[in-house]
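Two complexes follow with chain A in common, the first pairing it with chain B and the second with chain C.
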Partner chain A sequence: MNNRFLINYTPGSTPLHKLNGTTKVIGFIAITVAIIATFDFRIMLAIFLLCMAGVASMKPNWKPIAFMFGFLIVTNGIIGSLMVFLLTPESGLTKTGMETIFWQSAGGKLYLSWELLWYAWAMFFKRVASLSSAILFILSITPSELAAGLNSIKMPYKICTIVSLAFRTIPDIARDFTDIKNSMMMRGVELENVSLGKKLKQYIMMLVPLLMSSFAKVENISNSMDLRSYGKCKGRTWYSEHPATKNDKIARVFIALIFAWWIFYVVFFKHIHAPAVDFWCPWVPKEISGYWF
Partner chain B sequence: MERKPIIEFKDFSFKYKIQSKATLHDINLTIYEGEKVLILGPSGCGKSTLMSCINGLIPFSNEGEITGSCKVNGRETKNLSIFELSKEVGTVLQDSDAQFVGLSVGEDIAFSMENEMVPREKMIPEVEKLSGIVGMEEFISALPFDLSGGQKQKVALAGVISDKVNILMFDEPLAALDPKMGVATIELINEVSKDKTKTVIIIEHRLEDVLYRPVDRIILMGEGRIVADTTPFELLNSDLLKKSGVREPLYITAMKYAGCDISKNETICDIENLELSGEDKEKLLAFFHEETPEIKKEPGDEIVRLENVTFGYEHGKTVVNDLCVSIKKGERVAVVGKNGAGKSTMAKLITGIHRPAGGKIFINGKDYKKSTVKQIGEQVGYVMQMPNQMIVKDIIKDEVELALHLRDLSEEEVENRASEAMKACGLYSMRKWPVDSISYGQKKRVTVASIMALGPDTIILDEPTAGQDYRHYTDIIKFINRLNSEYGKTIIFITHDMHLAIENTDRAIVFADGKIIADESVYSVLSNDEIIDRANLKQTSLYRLAKKLDIPPEKFIEHFIRYERMVKAGE
Partner chain C sequence: MLKKFVGEWNTKTIVAVAIGAALFGALMVWGSIPVFTNTSLTSAMIVPVVVGALFGPLPAMVSLLVGNCLADLIGGWGFWFDWSVGNGVLGLFVGLLPMYGADIKNGIFKIKHAIIYTICCVLGNAIAFGIVTPIMTALFYSADLEITFIQSLAGGLSNTAVLVIVGLPILFILSKRYASRTNLVEEPEE
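The block that comes next holds the complex of A and B.
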């Protein structure tokens, strides 16, 4: 079951796996806000390298990861950049402060500048960095740790248990769905070589038995939870949440540094010394871009 | 010694809010501390409702009208919260999968402690201790997906069995287990009940399996009332079981057929320690030597054939190995064996959902390699365990016609074939009814009819009787047997239920670890200790009875089945 959806159900054995849920959740939040705060390619690159080093340290199954990056390259890298080129070719100028055109269409409506390419690349790379941080997070955490971690940052525990229950039941629902699909295929429902509309209609039809069989389970699950005091107290303790270890403390110092840097960055670069454009570009002089390093 | 009453019902009645009639009527029942009580009865008799009244699910999760009184440990349950009750009453629910809410064994056992806000450092040793009690200490970090039904049940027990809990209830603990695990569960419950501070209540309809270990008292329920509150001995001697739609243990039936007087035999409730008088033995032997009509069917043409079939989901790992099977027209075959041994994989192979990695499959003499799943579906039909997993339409007729419409037949043809299928399944008069309004057994018929409409020669039924009491079981089986005898359908049962296999099939294909380890008559399978052990089956009580008589079990079981079929044919 492990790695089929990239989700780990059992804690792994590498140092990153062994951090507790709280550390992982606040770590993910820190990296996410850092990514949101800026379009600066240098920072994205640093975050990307950091996350990928973390991913590599967990010795993952690379296949699904490569697939996800491939998907991102196609949707964002290729299609997204093409859209920028077709719709707003002037972005090179507006986003970086300069424009060095090296190709122009006959009518002059479409053109390519080095800065536009840089802008598309930096935008794409921001997505790459987000994806790498998401992969790092998903790989490192188990659903139970996620629930405990969310609870530790004051998320109500009923929401947290829903998260872990969802992960508990995903494989069951997937299995039920396969069974239902198989039985429908035997009755003559064809899912290959049919039009997309028909296929969609047939899948929707299959949702009826899937929902029926899932609803039947809900009552059992809720009874079993009621009978074991679920909802009795205001709070809840977590079996899966081990106390913070030395590594957790080191990691939290590191996370605190990311937060501190983020505050500094926002205060300094957005208010005190805001650059003229959003995108740092290596060959645009700082007099134009306003980036003083 | 004065016995301390722990559960007391006085003139207790209960009506669910959404129902017009009461589910429980005039319950007067006292259960004493340390007792082991079996609550017996067909489905819908109110036994699960009774359980919910004890553990507080009523009125906590199911509202309704309560009259009379129900006290647990001297306190009225109406005035207690479900949380207070759960400290005294531990409940193991029927669906061992749904009640597993944690993502690992340890987490699930700790679930109630987490909710009680027990600090983690206290939780860890407690989980270790509890998992040890049920024998799951090796599996603390195991995932629910990797556990068998029996193991999940053990975890559920560990999750409710803390020190303070002195009442333990098991709701149909045998429902989802294979026979061998069922035995282990009854053994485990027996171990728990040895602690005389614990009161154990088992809710079941499989009397023979529960009686594998003694119980103090049996409460027989029917239609919301207590029909009998008595000892196993008294109950076996009465004719109440037959009237209530609960199956009598097979050895008792055999002894009754033989004309033995069981009312004088004190050891009758326990097949292990059953002592037979000289007279009983003589009668049983005379019974054994009676002439019975031979069950002989002329096998028809070969209809399904597997030739050295191998299959695996992942490359290099096979799930089934070298399957060689030949099934003839009109046969009834049971496919048995433990979960994950390859039973359902074989069914998926025959229906073309999976294709063999090695070997060949022939259907009606033709290699099915080039046929699509849809085409194979016209020759081999597959009926899933739960009707709700198959039904997609609101109206019975639409459901039955679904597969026909998908085949672009003329309206007239669709109409004719659907009508014929519904007539065969006894649904024709209700063809316009909404599916929601019919019972479980009728839904089962709808699913069979929707398959029958395609006119397959072979029907594969996955656990057709799971979770059904004896009366519904008999209905479903009668119906399936009619498809076999009147319509000549070949029937393949995938099942754990050895009673079903013994009484309704001619042949058993036994799976263990991806291989077929036996393919012979059901009675030979059930007389072979090695096969029984490897396939997680268990000996029937007839086997033990035959051993006590020093006669070959295989012959005795065969004789019993023939005799019973003769009796049933005469009814």
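The block that comes next holds the complex of A and C.
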């Protein structure tokens, strides 16, 4: 469990770490809207490579990252694609405009086409791109920088405090959870290899002390914040925020380009010259799909 | 009425909402049993019950919204804000507790409130995962509506199950605990 933490609490030393909070937050927003805007596999691939290059430049611990991608492949890649195949086998035709069936079940209700496989792959890759952007963001930022960055895009500072405090509390909760689990095992409660109903019951038994110990901290934390005059003024300054450096300016130009491209893409390719189908597929001819680029 | 809806945004509420969000995020990532793709029987659903009962609907909503964004960032499935918004709406409905007279802090939680609470949970799930999330998914991610509906149906059902089966006993336990603390009666002056 501890192995899976990606949250940074101390500022790192690579150039991406040293950008200021505002740049990181607007960069993440830009990449997220770019991912939302499109299903084009080529753009997804570009975003994925960009994010992974960023992740690699930060020299992270690769083990939890590999675990996350493995988890995604099992839950979304395999199970999600199976669902597409079982529920809407015709989406190969509706999404890419063509159908080349290479396998059919006896009744003819289920069938596999190459386009369906491509569609499932493109959907899965969208998730991969989204995950890589989330990893890039979480690796580069500390909770305080996140709060400062959110505040600089006009988020009320009380919300920013909530975000940063929530990030900081997670390790505590994980530790409490492990403690409770260990003490239950000490008392001889079987936690692994039990039925679903029993597992649920045990989760509830662990939940009550976890809730109690977590919410018991509220009083302490809020008192110490009150003692330091939290919330007395309208605004707030942020210790972790620093003025924009040269690298920040370069990064912001780059982010502005992503935004500009996104607006252009939505206006031009979704409204003026909309292709006939949603998904670009490498072997579907231009005349059918409408992707002339 | 409006004050009950918004809740009191003092330092205590802020800290409670933050801890609720952290709990929600942590439980969503580590405390859930997967039942379907993207959906699981998650113990995290207990958070809006407690936050809503103690602080009101809007804090519960913020708690879930922030908590879900947090879980998306650390959970390893990417950022899907359509589900975060859905969960936020659900938090709003679950957190309506003080609006219909259930006052956990003073030990008031009766069968009548339990029934309204159950209705709120079902209604909230129906609106959040039957309307809000599918519309946002279709609008922003243009995924298959059919699959989204099935996913959100599974999510909504498992959420309702957790909210009712686990939430109700916890509400009764909490109100009993608070009641035993607040049974001081002012002595008549002599």
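By our rule, the second predicted complex is superposed on the first by the 287 of 293 C-alpha atoms of A that agree within 3 Å, B and C clash if a C-alpha of one lies under 4 Å from a C-alpha of the other, contacts with A are read in each partner's own complex, and residues count from 1 in each chain.
Operating definition for what follows: a residue touches a chain if its C-beta (ideal position, glycine included) is under 8 Å from a C-beta of that chain, and two chains touch if they have at least 3 such contacts.
As the structure is a prediction and not an experimental result, all values here were calculated from the model.
Judged by the touch definition given at the top, the superposed model places A:V84 against chain C, while chain B stays out of reach. Between chain B and chain C, C touches the greater number of residues of chain A.
Shared-chain residue A:I138: touches chain C; no touch with chain B.
Within the superposed three-chain model, A:S222 lies in touch with chain B and with chain C [touch as defined at top]. Contacts of A:L49 after superposition: neither chain B nor chain C is touched. In the superposed model, A:K232 lies in contact with chain B only, and not with chain C.
In the superposition on chain A, A:S213 contacts chain B only, with no contact to chain C. When the two complexes are overlaid on their common chain A, residue A:F167 makes contact with chain B and with chain C alike. In the superposed model, A:T32 lies in contact with chain C only, and not with chain B. Across the superposed pair, chain B and chain C both touch chain A at residues 1, 165, 167-168, 172, 208, 217, 221-222, 225-226, 230-231. Across the interface of their complex, chain C is touched by residues 1, 4-7, 32, 36, 39, 67-69, 71-72, 75-76, 79-80, 83-84, 87-88, 91, 123, 126-131, 133-134, 137-138, 158-159, 161-163, 165-170, 172-174, 177, 196, 199-200, 203-204, 207-208, 210-211, 214-215, 217-219, 221-222, 225-226, 230-231, 278 of chain A.
On chain C, the positions that touch chain A within their shared complex are 9-12, 14-19, 21-23, 25-27, 29-31, 33-34, 37-38, 41, 43, 46, 50, 54, 62, 66-67, 70, 72-74, 76-81, 140-144, 146-147, 150, 166, 170, 173.
Against chain B, the residues of chain A that register as touching in their complex are 1, 9-10, 142-144, 164-165, 167-168, 171-172, 176, 179-180, 182-190, 205-206, 208-209, 212-213, 216-217, 220-233, 235-243. Across the complex, chain A is touched by residues 55-57, 60-61, 82-83, 86, 91, 93-95, 97-104, 106-107, 110-120, 123-124, 127, 141, 143-146, 156, 159-160, 348, 351-353, 372-374, 376-377, 381-382, 384, 386, 388-392, 402-403, 406-407, 450-451, 454 of chain B.
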